[in-house]
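As written, the chains take the letters A, B and C, and residue 1 is the first residue of each chain.
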Amino acid sequence: MDFPQPQTLQQIASIIAAEFVGNPDYKILGMNEIHVVREGDIVFVDHPKYYDKALNSKASVVLINKKVDCPEGKALLISDDPFRDFNKLTRKFKPFQSSSNRISETAQIGERTVIQPNTFVGNHVKIGKNCIIHSNVSIYDHTEIGDNVVIHAGTVLGADAFYYKKRETGFDQLVSGGRVILENNVHIGSLCTIDKGVSGDTTIGEGTKIDNQVHIGHDCVIGKKCLIASQVGIAGCVIIEDEVTIWGQVGIRSDVTIKTKAEIFAQSGVSKTLEGNQQYFGSPAIEAKKWFKEAASIRQIPYLIQQQKSSK
Amino acid sequence: MDFPQPQTLQQIASIIAAEFVGNPDYKILGMNEIHVVREGDIVFVDHPKYYDKALNSKASVVLINKKVDCPEGKALLISDDPFRDFNKLTRKFKPFQSSSNRISETAQIGERTVIQPNTFVGNHVKIGKNCIIHSNVSIYDHTEIGDNVVIHAGTVLGADAFYYKKRETGFDQLVSGGRVILENNVHIGSLCTIDKGVSGDTTIGEGTKIDNQVHIGHDCVIGKKCLIASQVGIAGCVIIEDEVTIWGQVGIRSDVTIKTKAEIFAQSGVSKTLEGNQQYFGSPAIEAKKWFKEAASIRQIPYLIQQQKSSK
Amino acid sequence: MDFPQPQTLQQIASIIAAEFVGNPDYKILGMNEIHVVREGDIVFVDHPKYYDKALNSKASVVLINKKVDCPEGKALLISDDPFRDFNKLTRKFKPFQSSSNRISETAQIGERTVIQPNTFVGNHVKIGKNCIIHSNVSIYDHTEIGDNVVIHAGTVLGADAFYYKKRETGFDQLVSGGRVILENNVHIGSLCTIDKGVSGDTTIGEGTKIDNQVHIGHDCVIGKKCLIASQVGIAGCVIIEDEVTIWGQVGIRSDVTIKTKAEIFAQSGVSKTLEGNQQYFGSPAIEAKKWFKEAASIRQIPYLIQQQKSSK
């Protein structure tokens, strides 16, 4: 997430009333979560376990709950609650804006794009040329859609990430300031949900086709020319490389990668990174060949019991 | 379900043209299904197997298809078809009202609550303060929503219970007269469905967070501070106690209880009541530890077959 | 899919700029995919493996990518790309029409049918008498709905088939020209998706009741008095006969048949045709009795290992 214009360290420190270490005029371009952080960004960390990772990341500024040594060329923001203050910054620079119009006046919509009745297009949304957006679709603020994209009825692009910190008082949500990006020639079925990134983008690659009732979590990056069948659920921060095929009702846990040309059979549950050019099945998913061998072996148990008895 | 004002036994009997046993002026406050029935209520029963349960329940009036002995202090309504007549009463006291406005004039909406475009708010709905109801949400009549609630786009609150009696002529629906209740600080994702109770309430407890595409059936009672991930399906009349965690694509059958702080792993299928403070996995779900042991044992079968052969 | 009026072989050949074999005045009534083709129809075939099937089908005209012998009484259309040209014909005779009204002026809506706010009713839709169509429903063009039908909020009827041909340049969609048909007394829950047929109809039979978040793919034919629970996913071209019961989260692959009075337990995955009057469970689904036997046998493995050891 970029700030609308660069901020100084001092400006940011004053917004969140934090002490800072570094040059007060140090320029900050934006803010991001650890897995998508870039030079010029603020990142936050509130657990000693992750201090090193944050301090050694590409982030230029680390929002942290302990006064540690500042890495050279970087800056620190010291806060008793980095999570709370990261949220404060997201709310400051990407405040929620309610809409009174069905299609926001700040939305940019390309030539020959059709938007059917009852569809909501939020603020600062960009939609390319030759798209068809069917009825009752919801497109949250800042979503970007390429050319020749088809979105079927009732689909929701850009709802908040399902990302909570457990506190004594209850669940505290990490505020989402990211976006959804659909590249050219993407087709999305009916009643899909694609959540925005927490600070970065959830991206669906060029030419990928998605069936109905598919859920794609925050910060996923789906490659080009993938095929995703109905009722698949993909948790947050999953990377799916190009030309992957995922059949119906598959579930994929967060933070894993599905590599190029992998194929996942229906109803599988993916719990770890999968290599490309192979077929997978089962919950948890393993190589399909292995799965079918295991299933066949189960059918041998009665024979084994029989043998056991007769050998006595 | 309460009647708008108390009715007498005679009044109710005349609406459904039923014979009655008891004082004609006996006061009746409402009506409910057997599992949520209260003193002052009518309950119905149409199968001898359940007569005793209905007659000994808290119900003050039993709508029954046989002239049995009336329990002391109670009353009976005798009907050749209690199911049909229970529906007649629901339709009489909670008739379906169509809406011509997107936001009903009888809806009460609290201060600083934002309702985005294309959202439907039905009759007699109550929404608290500081809520955000995103676009294309459908809120059926009589739903009640607390303060600081967030509902993402396309979600549906209060559709009818999926509850049918099989008759020779086809499926006959039990008419839903209940409500959906969301307590304070509840978050609901996009494209969720939470059905109303048949006669009582479907309740989501304070501070519970629900991800996208979750289905919650009629008369469920979900506790406080639960976390329910995407594409979970919970059938009717399920009780989920506090601080339960349910991961993606889990299915839970009707009429079971998930006790405090239980955690159910992704894609599990719950077929019975689960104790609290434990982890579960599999379909049907068992203790996660046991499941992983069983999975490991399957991988021993080829070795067993090998041993079997070599022992001959 | 019928043409608005019969076409001659020559007219069709000139639309797609194809060579033809047969009488130029040969009458053509419509076009269909191979599994629903009728006399008078065009069918297309672009792979030698399926030439015989297409040439021997009920189709009167075969759109084919090789100049083969023309079966007696039939005609051929020779094209270098039958898939592309079949799409050209669908687009010509069933062009996508955008809508500017929420309820199209060409829609026919029966007496005493209620349509709630924010529902979209497309062009040439027919809805019968005494129906309730709840809010935020999307009904695509040409859908036909019988009498006494209830459709809950957010459901989508008639989105495009998820049917793509893989080409070097990416996925090329087979254009959908079919319809969705709901017969009398059908109930559809909230947030269901029922896709239109590619060239034929997706049909839900009389008296069938469907719960929330169910997906039914293109060209499915669901029988009468079926019960389909929440979050079931049914792929394209599935035939479900009468009085079938399908419990929650079941998945069914394309091109299979579920016969009369079969019952499929929750979360099962159906990979082949299932006989009627039986119960099924598992993924892949097998007879429920067998499944439970296999599950019990797995629990014997530790005993087998134990025996193995002690027998040494």
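We adopt the following convention: a residue touches a chain if its C-beta (ideal position, glycine included) is under 8 Å from a C-beta of that chain, and two chains touch if they have at least 3 such contacts.
Since we're looking at a predicted model, the values are computed, not measured.
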Category of the chain touch graph - line, ring, star, complete, other: complete
Cα superposition of chain A on its sequence copy chain C - rotation in ° rounded to nearest 5: 120
Whole-Å separation of chain centres (CA-atom averages), chain A against chain B: 32
Sequence positions of chain A contacting 2 or more other chains: 118, 136, 154, 191, 213, 231, 249, 267, 298, 301, 304, 311
Parts of chain B lying in touch with chain A, wherever the complex brings them together: 114, 116-118, 132, 134-136, 150, 152-154, 185, 187, 189-191, 206-207, 209, 211-213, 225, 227, 229-231, 248-249, 266-267, 298-299, 301-302, 304-305, 308, 311
Of all residues in chain A, those that touch chain B in their complex: 96, 98-102, 118-120, 136-138, 140, 154, 156, 159-160, 162, 164, 170-171, 173, 191, 193, 195, 213, 215, 217, 231, 233, 235, 249, 251, 253, 267, 269, 283, 294, 297-298, 300-301, 304, 307, 311
